[in-house]
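Scrolling down, you'll hit the structures one after another.
Shared between the two complexes below is chain A, which pairs with chain B and chain C, respectively.
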Partner chain A sequence: MNCEISVDLKIKEITSSVLSLPLEKINDNLSPANCDQWDSLRHMNLISAIEDQFEISFSDHEMSEMINLIKITILTKAKLK
Partner chain B sequence: MNTLKFHEIISKNRDLKDRVKDKVSYKILLSSNIVVDQLADFIEFGLRTQGVNAHVVVGDFDNIAQGVANNRDVDAHIIFWDIGNIAPNFFSRMNFLSKAEILKIENKVYKEIDLVLEATKSSKILMINKFSSLMYESNVIGENEVQNIARKLNDRLENSKNDNQLIINIDNIICSLGLKNAINLDKFLIYRNLFTLDFFRAYSQKIIHPLLRSAGKYKKVLVLDCDNTLWGGIIGEDGLSGILLGYEKQPDTYFYNIQSKIKKLKNKGVMLAICSKNNPLDVVNVFHNHPHSILSEDDFVSIKCNWDNKVKNIIEISNELNLGLDSFVFLDDSEFELKLVMESLPEVACFRAPIDLKDYIDVFSKIEELFYDGRALTDEDFLKTEMYNAESIRKNIELKFDNIDDYLKSLGLKLSITTITPENINRVSQLTLKTNQFNLTTIRYSAGELEDILRIKSSEIFAINVSDKYGDYGLTAVVIVRALENDTSYLDSFLMSCRIIGRNLEYKIFSEVSQILFKKHFKILHASYVPTSKNGQTADFYKRVGMKEVNVKNGIVYYELDLENFKISTDFDYIEVNHEL
Partner chain C sequence: MKNPYEIGESIYLRSLEAEDIEGPWYEWFSDYELTKFLGDRFLPNSKKKQADFFNSINDHSSIIFAIIDKETDKHIGVCSLSGVNWFHRYSDIALIMGSKEPQHKVVAIEAMRLLLNIAFVRLKLLNLRASYAVTNLPSATLLSLFRFEKVGLYKNLCYFDGKYTDVGLSQLTRSDWLVRNSLNLDD
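Let's look at the complex of A and B:
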């Protein structure tokens, strides 16, 4: 459980760095649709940064499902299992 | 940098942006026909940690030739030109296009290459990747069409090479990482992002040193330990016949090879110094009498063999040579010594001679990368060690005079002032790039930019050679004058190599240049002092030569001089001047 929480937190930290937003503004519902900073380039950076952090690689199908932060978190955790 | 994750680099880079040392910004245009935006953070971060105020601008996607032509004023260009995108969807279409259609596309790219090389001529540096076909090759046997295309495009690149151009062989980086780790074909199809973060990380590490050099951050001195660094064993204990150095057996050969590589660096203009806890006679004995020592005593500009702390010794070498510690590299086998130096002198790049000698060549190749960027070296580079050796002799004489003026008078100093020529333009450019301490405005110029200045009417670039009775310092001072209105000119640049600081030459140069300008019918001379972290010693130079301070804005001090009424000082008449201007 602890490990799961730390993945959540790490993804939020990464999102905060990549989108240049304070950590407290990062919530699960954050998505390109409701966040001006989240453009297509930063979306690519976010996915790359998560892959880089956890040493995983997403398939194009997985990437197409990453429509908001909660989806990204779920897909990342699934990879880490 | 190796261990930092991508998001850490992004956030640290953002933090560094406002804290970086240099005030003047260094602009890099990153142009590509694929998505390479992620590289920008790696490069900015690498440069900003070294004090360069770097700003990477990513050019419009797939608009290399025009993008470059519209941004001629940037300091550096980096170009990623992917063969799979030289025409729309070429990476798939190349499989079925006819020879004639491919030829048409090749001709289009030839033209674009020519445009790019022309438009980037006057930037400080152009880094352009070799066209790589590795990711598009499927056949192992036989000829691949894509290999042929790559070869032809690369020939074009090589054949029209400019002086400021470095061709980066990315195949080497891809091979060292492995194709699967370097290339991400999945992402390529979605984002047009061909390269992985691992590739960008490795790539930025390779290109950072030439970029640092073009931004004026040069490594110039290699400080070496002796025992287990230049030879195996300890000379004080093992004696001349006991140390390991030679070409007949292992591990002697490792040290022989390293010495040969050190000698090569010295021949390329790198200054060598010794900093070793040893008896000086023992060390010199190896250089004189060991049958396989490639290095000799004369190869070193300074030899510090004593039992003092190495930090103190390195600072002394830096003072002797008048060179900042950020131009120093230190190689030692002792972790203790290295840690001490790293902690006390973080500007010095430190390397450890490995315990496993098989790795020594690899370690040393990293040192070579710090000094060498594949570009032409000037005559002064080859002369440097000889000149600095003469400098040590001068310093010793210096001690015997009570009065510095008497000493300076005894040197027989000579100045020769000429205008810039095709033969010395590279050296002049190099001086503008490398000189930090005695440099009033610290404006960096490539040879191409200097040529641009000369095209402006009445502008002058003075190249000044200095010698004394102990040796020739070579071309070591530059003054760039730009004409304003009819009778007004201004000093765009006034700089002297640190090799000739402390001899009052600057006063003589200033008065000579003023007289030349007056003879050319200029009546007013403007100048400015632009402060940097290193040029503090020149802060009041223009005031000392008699110029009038007229304004201060954003830290920059503006001066003016009435050339008609300027009184030439006779204080420095012991400096002989030759010119026919």
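Let's look at the complex of A and C:
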């Protein structure tokens, strides 16, 4: 498994855990607008859990750009480079 | 956009206007879910009370912003820098999201980013303070996400949501904020 795929998978696992959704329901199009479980508190918990998992710290601007799963994944990967 | 003061991707902050009293703003402060952790909003609100509040705002020490959805120009929340001490350069910070629309679920983060930018860049404040009921998880989590540091705790200070509750005190310094955001402003 290469590094990119493992980051993708880890983010999906964290999202599954934070949103209390089965892993198979976590797809790139997931966002607060189309997922009832994705409320404001879980959104903040998700960002926090990703910071903890990858030992990174997002800037204010990066956090405010994280409006769906694909953007969260892109910004996390950029941070890890 | 009308009279924007700080502009983000999906929202902007502007000064409150008298016409905001006619909108949903006053109703938020009668909504139990929105007010159950506020220190002084336990009585029903009305347009008249909101107008009185609007007219009492002292712009010098209390700077209150309407949070506006850029796409619709709807008023969806309020945030503030209050108790501003211009000598010591600190203030208290607060944020309330009134809208319960799905597209506004995560807007608080952007509103906080804009408010911190106003405080630390445009107004050059040096410290921000925030207090919150420890049982108010959205507020506690938002402050933690933006690296407000917990500096104290009042035990059982306030009667929130049916029980006496500890109130946490937290602080964010401009210097910590600059480092975390990799900013090197020319002071």
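As a convention for this text, the second predicted complex is superposed on the first by the 80 of 81 C-alpha atoms of A that agree within 3 Å, B and C clash if a C-alpha of one lies under 4 Å from a C-alpha of the other, contacts with A are read in each partner's own complex, and residues count from 1 in each chain.
Just so it is clear, a contact is a pair of C-beta atoms (placed from the backbone, for glycine too) under 8 Å apart; a residue touches a chain by one contact, two chains touch by 3 or more.
It should be emphasised that the depicted structure is a prediction, and the values quoted were computed from it without experimental measurement.
S.K.: For A:I67, select first, second, both or neither according to whether it touches chain B, chain C, the two together, or no partner.
M.R.: Second partner only, chain C.
S.K.: What is the contact status of A:D39 with respect to chain B (first) and chain C (second): first, second, both, or neither?
M.R.: A:D39 contacts chain C only, not chain B.
S.K.: With the two structures laid over each other on chain A, which partner does A:D52 touch: chain B (first), chain C (second), both, or neither?
M.R.: A:D52 sits against chain B, while chain C stays out of touch.
S.K.: When the two structures are overlaid on chain A, which partner does A:S20 contact: first (chain B), second (chain C), both, or neither?
M.R.: In the superposed model, A:S20 contacts chain B only, not chain C.
S.K.: Which residues would you name on chain A as touching chain B in one complex and chain C in the other?
M.R.: Residues 40-41, 44-45, 48, 59-60, 63, which sit in both footprints.
S.K.: Which residues of chain C touch chain A once you look at their complex with the stated criterion?
M.R.: Interface residues on the chain C side: 8-10, 97, 102-103, 105-106, 108-110, 112-113, 116-117, 137-138, 141-142, 144-146, 180-182.
S.K.: Where on chain A does chain C make contact in their complex?
M.R.: Per the stated touch rule, the residues are 32-33, 38-41, 43-45, 47-48, 57, 59-61, 63-67.
S.K.: Touching chain A in the complex: which residues of chain B?
M.R.: Going through chain B, the ones touching chain A are 5-8, 10-11, 14, 35, 37-38, 186-187, 189-191, 193, 197.
S.K.: State the interface residues of chain A toward chain B in the complex, per the touch definition above.
M.R.: Its residues touching chain B are 13-14, 17-18, 20, 40-41, 44-45, 48-49, 51-53, 59-60, 63.
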